[in-house]
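Across the two complexes that follow, chain A remains constant while its partner is chain B and subsequently chain C.
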Partner chain A sequence: MKTTSRQLPSFKPSRRWLTPGAIAVLLAFAVVFPQQVAKDNVWNLFFLMCLGIAMGQSWNMLGGFAGQTSLGHAAFFGIGAIITRVLWFHGTPFFLALIVGGVAAATFAMIIGAPTFRLRGAYFAIGTLAVAEVLRITIAQNQPYISTMPGSMIAEYNLPSRYWLALGLAIATTGAAYMLLRSRWSLGILGVREDEEAAQATGVHVLRHKLLALGLSAVFMGLAGGVFAFKQISYYPEAPFFPTFTFEALMIAYIGGLGTVSGPVIGGIFFVVVRERLAANLTDVHQVIFGALFVVIVLLLPGGLLEIWDRSKRLALRVIRR
Partner chain B sequence: MQSFMQTLVFGIFAGAIYGIAAMGLALVFGVLKILNIAHGELVMLGGYVGFWAFSTLGWDPFLSLIIVIPAIFIVGLILDRIVYRHIVRQLGEEKIKNSLLVSFGLGLVLQNLAQALFTGDERSVQVSYAGEGLNIYGVLLPWTRLATLGIVLIVTLALHFFLRKTYPGKAILATAEDYESAELAGINIGRVYMMTFALGAALAAIAGQFVTFTYSLAPSIGMTWTLKAMIVIVLAGTGSILGALPAGLLLGVVEAMAGAYLAQTYKEVAGLVIFLFVLIVRPQGLFVRK
Partner chain C sequence: MLLNLEGVSKAFKGLKAVNSVSTRLEEGKILGLIGPNGAGKTTLFNLITGVYPPTEGKIFFDGKDITSVAPHARCWMGIARTFQLVRPLPELSVLDNAAIGRVYGRDPIRNRSKAEKASYETLEMVGLAARASEKAKSLTLVDRKRLELARALAAKPKLLLLDELLAGLNPSEVLTSMALIQSIRDMGITIIMVEHLVKAVFGIADQIVVLSAGELIAEGTPAEIACNESVIDAYLGRSLHA
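Up next is the complex of A and B:
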């Protein structure tokens, strides 16, 4: 991950307004626009963007900051979804159910994290993929029937409440990623990513830092799963365990810019808009184009969209100075 | 006892297919040092070529191996030229991660292409002699399964002979061991990588052809087979190519036993448990001599 060297956000005095300004504009847009248009497809689109941002941030905490490529995030998403939904349907207040779902995902992550982190790189990826897929198959065989909201819940269903929750989650996740990066822990986590041996030698407890990143990542992925379970009226219980959710989270982090806080936000917006456009126009093959697009991004643009921004900025500076 | 033997035998037969699928993945992992998540998609494509040969040409599934193998070998060559060639030249950690990501994306492409071309319906090949076989003291050994096991053993031996005794095989092993020295010794490692990848794809295709008449075929089966192959190569140990066969047999037997004596729905969990157990206790693998 040496290509993405923007680690700590730096604020130059002259442009101190830029980041808060951008955040304020983005937030104002996210709050005002859907309310003004007030159409179901706009609520939906904005919901998906927020969910995508939350998932991308979550994956990025582990994959971008700590450098541990997980291919099993769908497991955390699925656990969050299934636990939130079951508790909620059985009369638990929704927010309590949501939090229990997030905690359950993190607990599960800790259980599988300890053995799989004994292995580096590829094996961690294999281990997480194996765990997620086995979980999916087992859920599919044990819960083969579609899960539908009870009639009373459908009666009081409204899209805006789903969107506000997703927006809240996106903000919370982005905030958490920012705080994590500004905290003391981030030094250890980034150190583990750059060079595990060197970090170990300078006294960083490697496993503890990896587990911290994994745990935080899993909590937010689990919460995202809970929000998904809150939004969907009916789906097969295995659906949130599909590897596509892992892929979505990972792709958003990659497209935006791995290891940055703003990357997943940009990636999430870009990803969802492009996907929805492609899905609307080319229903059958949109996944094909998407997969191909991702392959091209990994091969040609390892820094994501932020790299285009950085490159063009550097180019502009060079032109000005001349 | 009889049902125990029957479970054991069927476990071995299933394990033979896991073994050959994993051997292809292990070969690619060991030589190119990349992890191909799209390996299961190659199994799936091989299955579709075999299904096509059966449904349009009416060929016996064992006969159609002669077109399935070259077809997917060529697919492997093309994929290596278009995609994997760009990754194998990267270094270390970066290379393995990028290979995971790229092949994940490629798997998505192949799966959805198959979905668009062949529809999502489940397919399978039924041969006229499907139910027949040897009956030894009440334990049934179907011909199809025996032939599968036989072909897997022959292919394993042939691969062993190829890697140890022939010049191109030795070049592959030399590249696996130290690609820089191999290159200095005059081996065209670009070509070795290409051939190895295609060989791995061909092995996946053989497994795919067995899937058509043992299980059923659908565009979405790829991930399941990638996963099985990965569990097997972790069990076998990194760098152990032929160790994939005994490890595959082990996984097949464990799954069959768990399915018969614990619960059918938790069959997959048994495989996962031994996978995690081996990761913790013996991360270098079961079939590696140190």
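Up next is the complex of A and C:
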């Protein structure tokens, strides 16, 4: 009798409100804190964290859920940026321009995905890397001049509006990842990641599910690019096509916890904070340090930072049960 | 006829793994597919499920030529299988593993929670309901085999292919599984089972096909096969008569 009463941990009900509670605290902080401090560097930092979260979620939908490694996400980011900016500068309402940018990125992704997914192995990873680089070089040659916001837009420019948009995107992308994981489609998408042949034998149309994950992933990466184009006053049109954006998205997904919804959130915050610290203090070597940190995390914590949380939770449970 | 193989062959770089096999299978029967290691049994399953196309011959299922139909579409038509080397989806829960079959198989339930409910019943049938929320990778080999069966069953097949489902089970587990296979047949599902446990197959099969080096060397009822000289020479040896 004694043992049974001890074996019933009262942990379950308290865990239920933990996740919504964590979300509420995080959101309240994201809304209140930057307004209270109201400094440019804080708006900027929070903007970058939100952009990082959105990029990490995007990469994770394809890389984490469907198990397809993309090395060309910068192409989707760049397409979103260039299309949004050009349409917006030519008088299209911003939100319409943003959505067209996201759809264009997804369309482009389908065009690369349809042939490369049919081949097995590393073709998709290599294909996306090659296509993204070709695109970057083409843009660099055809659009060599810096793109600057017109004076009228600069006159109305304010950082908070940029941040609210990025926050909205981070929330929307995280919500989309959550809904995707709860949907029936995720069974097929995760099935493809786990074992293509077994999933196919069970009726999963493999190509269709890979394309679905790719399309969603590319939409959000394109939207992130559009938000970048909305924020930056001037940059070379080639800049959002830099492979850095691919690797940031990838690292955020890995660092936080691949294939989970909260992983890219944790990863995005952690990555941006550490990067900004390192970039400020150790300008020369910060990329090397980052590379090393990444390798350490992936080797020691294959489940990402989220694994620390899970492990400590399990430890706590064990201690409580004693 | 539910399944009709017409002169089906499959060659791997010159090696004829399956050589001009023709056979027919009626609905509601159990076909035992036996033969020595490397005889081409698994290859024949791969041809029926469409893992690769045959180099020669045609496959008809339910009256339709499916020779060039993709594997997922064959599952939609009602062909499901288990793998000889089990292939559960390790990071997914036991319930999700089965739910995949219910969501994507024949006569699918597109609503996920309804599909999960239906899959739970399938898990109960194979004795895995208690593990529904565990990850598939945490299961023992025996339970993984049960899970393979549940995933295939959840796809509501008309034809179920079982590749050495009994291998690695202890005698009492073999008995339970055989009863389960018979009850699946009684649900109206046609079964082809590859098995090295000849006694077990002969006990429940309606029809036996013997493959040896890719060729169909004998076909008939268990009783006929048990005294077929060439089968005894090629495969059975004295084991059945001892």
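Here, the second predicted complex is superposed on the first by the 300 of 322 C-alpha atoms of A that agree within 3 Å, B and C clash if a C-alpha of one lies under 4 Å from a C-alpha of the other, contacts with A are read in each partner's own complex, and residues count from 1 in each chain.
Keep this in mind: contacts are C-beta pairs under 8 Å (C-beta built on N, C-alpha and C of every residue); 3 or more make two chains touch, one makes a residue touch a chain.
A quick note: this is a predicted structure, and the numbers were derived from the prediction, not measured.
Ranked by how many residues of chain A each touches, chain B and chain C are led by B. Judged by the touch definition given at the top, the superposed model places A:Val319 against neither chain B nor chain C. When the two structures are aligned on the shared chain, A:Ala155 is found in touch with neither chain B nor chain C. Once the two complexes are overlaid on the shared chain, A:Leu250 sits against chain B while remaining clear of chain C. In the superposition on chain A, A:Thr116 makes contact with chain B only, while chain C stays out of contact range.
Looking at the shared chain after the overlay, A:Leu190 reaches chain C, while chain B stays out of its contact range. Residue overlap on chain A between the chain B contacts of one complex and the chain C contacts of the other is empty. Chain A meets chain C in the complex at residues 182-184, 187-188, 190-191, 193-195, 197-206, 259. Partner chain A is touched in their complex by these residues of chain C: 49, 51, 70-72, 75-76, 80-81, 83, 87-92, 96, 99-101, 103-106, 108, 110-112, 115, 151-152, 155.
Considering their complex, residues 1-2, 69, 71, 112, 115-116, 118-123, 125-127, 129-131, 133-134, 137-138, 141-142, 243-244, 247, 250, 254, 284-285, 287-288, 290-292, 294-295, 298-299, 302 of chain A touch chain B.
For chain B in complex with chain A, the residues that touch the partner chain are 35, 37, 83, 86-87, 93-94, 96-98, 100-102, 104-109, 111-113, 115-116, 223-224, 226-227, 230-231, 234, 264-266, 268-269, 271-272, 275-276, 279-280, 283.
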